[in-house]
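Look for chain A in each of the two complexes below; its partner is chain B in the first and chain C in the second.
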Partner chain A sequence: MSLSDGDMAAIWLTLRLATTVTLLLLIVGTPIAWWLARTRSWLKGPIGAIVALPLVLPPTVLGFYLLIAMGPNGPVGQLTQTLGLGTLAFTFWGLVVASMIYSMPFVIQPIQNAMEALGDRPMEVAATLGASPWDQFFTVVLPLAKPGFITAAILGFAHTVGEFGIVLMIGGNIPGETKVVSVQIYDHVEALEYAQAHALSGSMLVFCFVVLLALYSLQRKGRPLFMTFGKRS
Partner chain B sequence: MNIAKGLLGLMLMGFCCRLTAQPIHIAVASNFTHTMQTLVLEFEKSSEQKVILSFGSSGKLYAQITQGAPFQLFFSADQLKPMLLEEQGLAVVASRFTYAIGRLALWSAIPDFIDDGLSILQQGRFKKLALANPRFAPYGMAAYEVLARHQLVRATQKKWVQGENISQTLQFVDSQNAQLGFVALSQLLGKHSARGGSKWLIPEHMHQPIKQDALLLNSGSASKGAKDFMAFVRSPKAQQIIKTAGYSIATNTLVHKPS
Partner chain C sequence: MKISDIGPAAILARFKLCYADAANKGFILDVDTQLPAQGITAIFGPSGSGKTSLLRCIAGLEKAQFGHLQVQDQVWQNATSFVPTHKRPIGFVFQEASLFGHLSVMGNLQYAIKRSGSRQDLGLFEQVVDIMGIEALLPRLPENLSGGERQRVAIARALLIKPRLLLMDEPLASLDTARKQQLLPYIERLGCDFNLPILYVSHSVDEVLSLADHALVLEQGKVVANHSMTHLCAQLNGPFGVGNETGAIIECRVVQRDPQWHLMRVTFGSAQLWLPDTGEAEHSSKRLRILASDVSLTLKPCAGSSILNVLPVQVIAISTDKSKATCLIKLNAGGVDLLARISKKSVQELAIKTNDMMWAQIKSAAIVR
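Entry: the complex of A and B
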């Protein structure tokens, strides 16, 4: 089994994409998850539903809408053109935006669950000890919800690595820019080069299993994936 | 109880129908989707036979056929895959023929964008040029040949965006994410026809003919319906439909020389 230069380029691109998307989603997703976990607003339902939508929509549908939205006549395309960024389709950052939408529920939901499981109690205790809301968030909520964050990061990363339909629709198959591993494998299969497809698929399978195994083993040593604090209080 | 009886009845009915008329199951390359649907409508006017169509890229359908997919006929977008199936003994000997020759067009969704054939490519007045992946998509290979013929590969390569198939390539251009792209003429004429914008129909001598072959697979060797359909596709009526859809017809459709 040998990997070509094209395969290696696709692997590096995929890792770069998955890392970028995971980090950005953790930053963007945390406030949303926090709001969803705490709010009593009627908007919780609709916003929660929007966050979960990518779970339901077939990636090709999502990709098709994104392609149209990112086009020069679409709303996103007009915005990015006004900002002088050109259009997003066929660029790395276009893939980042699309992947963030696609992997959003996998990052937000575990964080939200972990935060909801905390309940009000730890916050109240911290408040009586004089902690400001920011202190409470950073010194109480974040550490206690850590397992949720780790799960979110694993799932977000893994889901982005495995992404295919959307990238196919808006990527344009540009080496080093939008040609990720899943597309490269698809190309090998379409070109009837099954041996190369096997090699790359096999490497991806092993890599992903090892990453997931490492992270889940780490989790096991620490605390369970989802904690409930009800009994402790 | 009554519901159970009803269900049983329905199941038996389904069973009976299966016995009376086995539908013909045809695997069709996705570029031929609309044309095939028109052909089937015409075929069913004069036949009791039901037809089931499965669409997909030729590569995927080929992989499925080698793994025992239940197709009786295969309409590929190229010649390579039918030939390979023939070599592997998965198809009926001497059944392969060219049912259509694809026509390539350079198309833009923007009116008057393409004014004078090649000149737009030579001047490079565009940001992205869409083409199907030349590595395996027949229309992509033809597009590559046209570019190579005019020494334009190097000049345009940085602007290429590649569709996995010709439908996706059309989407890139249709959504104007690419200002320009090599698509199939059949896509511009098809059912949702008369797409606006501007186009240049590429002269056939500029690339190898995009021959699309069909053949009878082993699982269809005993099916009269499948053979009837193959004969129908070669009839003048069917050939007229295929021509109207934007393809050329091979003058001698039988490509396989019986040994």
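Entry: the complex of A and C
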């Protein structure tokens, strides 16, 4: 089993993309998850639904709208052009933006669930111990929701590695820029290079299995987040 | 060493709180009261009477639409200002221990010390750890502690914030009876060891009787009584007189121990009693509980009785009881109030009237504190 230079470039690009997307999503997603977990606003329903949309929409639909939005005449395209960045379609950063939207529910939902499971009590306890709201968030909420963050990071990363349709729509097939592993495999199959398709596909299979194995082992070891006993009043 | 030196000023609490949500439909807390800012004050009442809501308002965890709260010389809430919880000098012990699971016991204590607003006070730390008996627990994680241990750590953590007021929301409610008995003495000591006023929410008569100096009694969100415990317990229809539990509590002093008969003599007012020696130190102050059903009345001190304690008393008031067969009689024994439960038939046959001088036979008395 051997991987060509093109395969290696696709692998590195995929890892770079997935890492970038995961880190950005953790930063952007945490406040959204926090808001969704805490709010009593009527907007919780609509915003929650928008966050979950990429779970059910075909990637081609998402990719199609993004392509139009990022194109020279789309709102995002016009903004980026005004800023002197050119258009995002068929670039690495265009792929990052598209992947962030595509993987968003996989990052936000585990964090939101972990934060909802905490309830109000840990923050109330911290408040009675003199912790300001920011202090409460960083010293109590983040550490207690850590398992949610780990799940979010692993799922976000793995899901970005596994995307295909949206990449084709928005990124195309530019080696070293937008040609990720899944597209590379597609190209190999199209060219009837089954040996190379096998090598790359096998690597992906092993990688995804190891990631999921790590995730599930981690969850099994999970210990109670917040020590309580007895009934709530 | 004391956490704070505070005069016997008062806590002024005035809250109106209405819950609009479905879960608490129609519940209104309407309290306008003044509590002593010293000793242990019980906030007592049945479930759903608003005890916890009141405590949460005082802590600032709940914001009443109309609230005025003044603790000694500080205003914590009025029409224009609201001091958020983290800026109020309070300690709060929740019903369930609520230790942070990601921190060790030591980490939980340090969380409070760091935010206590003063430099680390090693003396206080050692005193708190010692009184709560948690030295051996410091390196452990909360998940490896028993319920009683967790609650002791939670109390220690609340003390290390150096509060001016300690709020406790049924801290024993989630423990079994044996653990309760273990923890009670720790809480009893807090009031005097730290000179710290404590508001203690409870629906347990036993806890309130053995801990509190003063009680605020709530029913359906309203104050029905606010008095010292001795006063409340000597009332004919007091809040703690549930069924057979009716009885006075008396602050007394152990003055003598008799090793031959295993008895000890306690005095209160100008009266004295002989009780089974329970090993209390001589000259210590204790709280006695004398159940109304353990007190009987005679016209003359009768000879030939097996009852050890016979006190001269004056009848203050006679009231009907919950049972149709009995009456409750309030007595004055040497300046202290007692209650007796006797049958209506006896009241008639002995012709008992207010201001009569009689003799009370006391079958037993229990030391509750």
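Methods note: the second predicted complex is superposed on the first by the 212 of 233 C-alpha atoms of A that agree within 3 Å, B and C clash if a C-alpha of one lies under 4 Å from a C-alpha of the other, contacts with A are read in each partner's own complex, and residues count from 1 in each chain.
Heads up, the rule we're going with is that a residue touches a chain if its C-beta (ideal position, glycine included) is under 8 Å from a C-beta of that chain, and two chains touch if they have at least 3 such contacts.
What you see is a predicted model; the values in this text were computed from it and never measured.
Visitor: Give one of first, second, both or neither to describe whether A:Leu25 is in contact with chain B, with chain C, with both, or with none.
Guide: neither
Visitor: Looking at A:Ala89, would you say it contacts chain B, chain C, both, or neither? Reply first, second, both or neither.
Guide: first
Visitor: Where does A:Leu17 make contact in the superposed view: on chain B (first), on chain C (second), on both, or on neither?
Guide: Neither partner.
Visitor: Would you sort A:Ala199 into first (chain B), second (chain C), both or neither based on which partner it touches?
Guide: Neither partner.
Visitor: Just to be sure I read the superposition right, which of the two partners does A:Val107 touch: chain B = first, chain C = second, or both, or neither?
Guide: In the superposed model, A:Val107 contacts neither chain B nor chain C.
Visitor: A:Pro143 in the overlay: touching chain B, chain C, both, or neither? Say first, second, both or neither.
Guide: A:Pro143 sits against chain C, while chain B stays out of touch.
Visitor: Quick one: is A:Ala9 in contact with chain B, with chain C, with both, or with neither? Answer first, second, both or neither.
Guide: neither
Visitor: Examine A:Asp187 and indicate which partner it touches, taking first as chain B and second as chain C; both and neither are also allowed.
Guide: Only chain B is touched by A:Asp187; chain C is not.
Visitor: Considering the complex alone, what residue numbers of chain B touch chain A?
Guide: Per the touch definition, chain B meets chain A at residues 57, 59-60, 62-63, 81, 84, 127-128, 130, 133, 135-137, 160-164, 168, 171-172, 175-178.
Visitor: Of all residues in chain A, which touch chain C in the complex?
Guide: Those in contact with chain C are residues 121-122, 124-133, 135-136, 139-140, 143-144, 146, 223-233.
Visitor: Quick one: which bits of chain C touch chain A in the complex? Just the residue numbers, please.
Guide: Touch list, chain C to chain A: 52, 59-61, 84-87, 90-92, 94-102, 111-112, 115-117, 142-143, 145, 147, 150, 157-158, 161, 167, 169-170, 173-175.
Visitor: Mind listing the chain A positions that touch chain B in their complex?
Guide: Touching chain B from chain A are residues 64, 67-68, 70-74, 77, 86-87, 89-90, 168-170, 172-174, 183, 186-187, 189-192.
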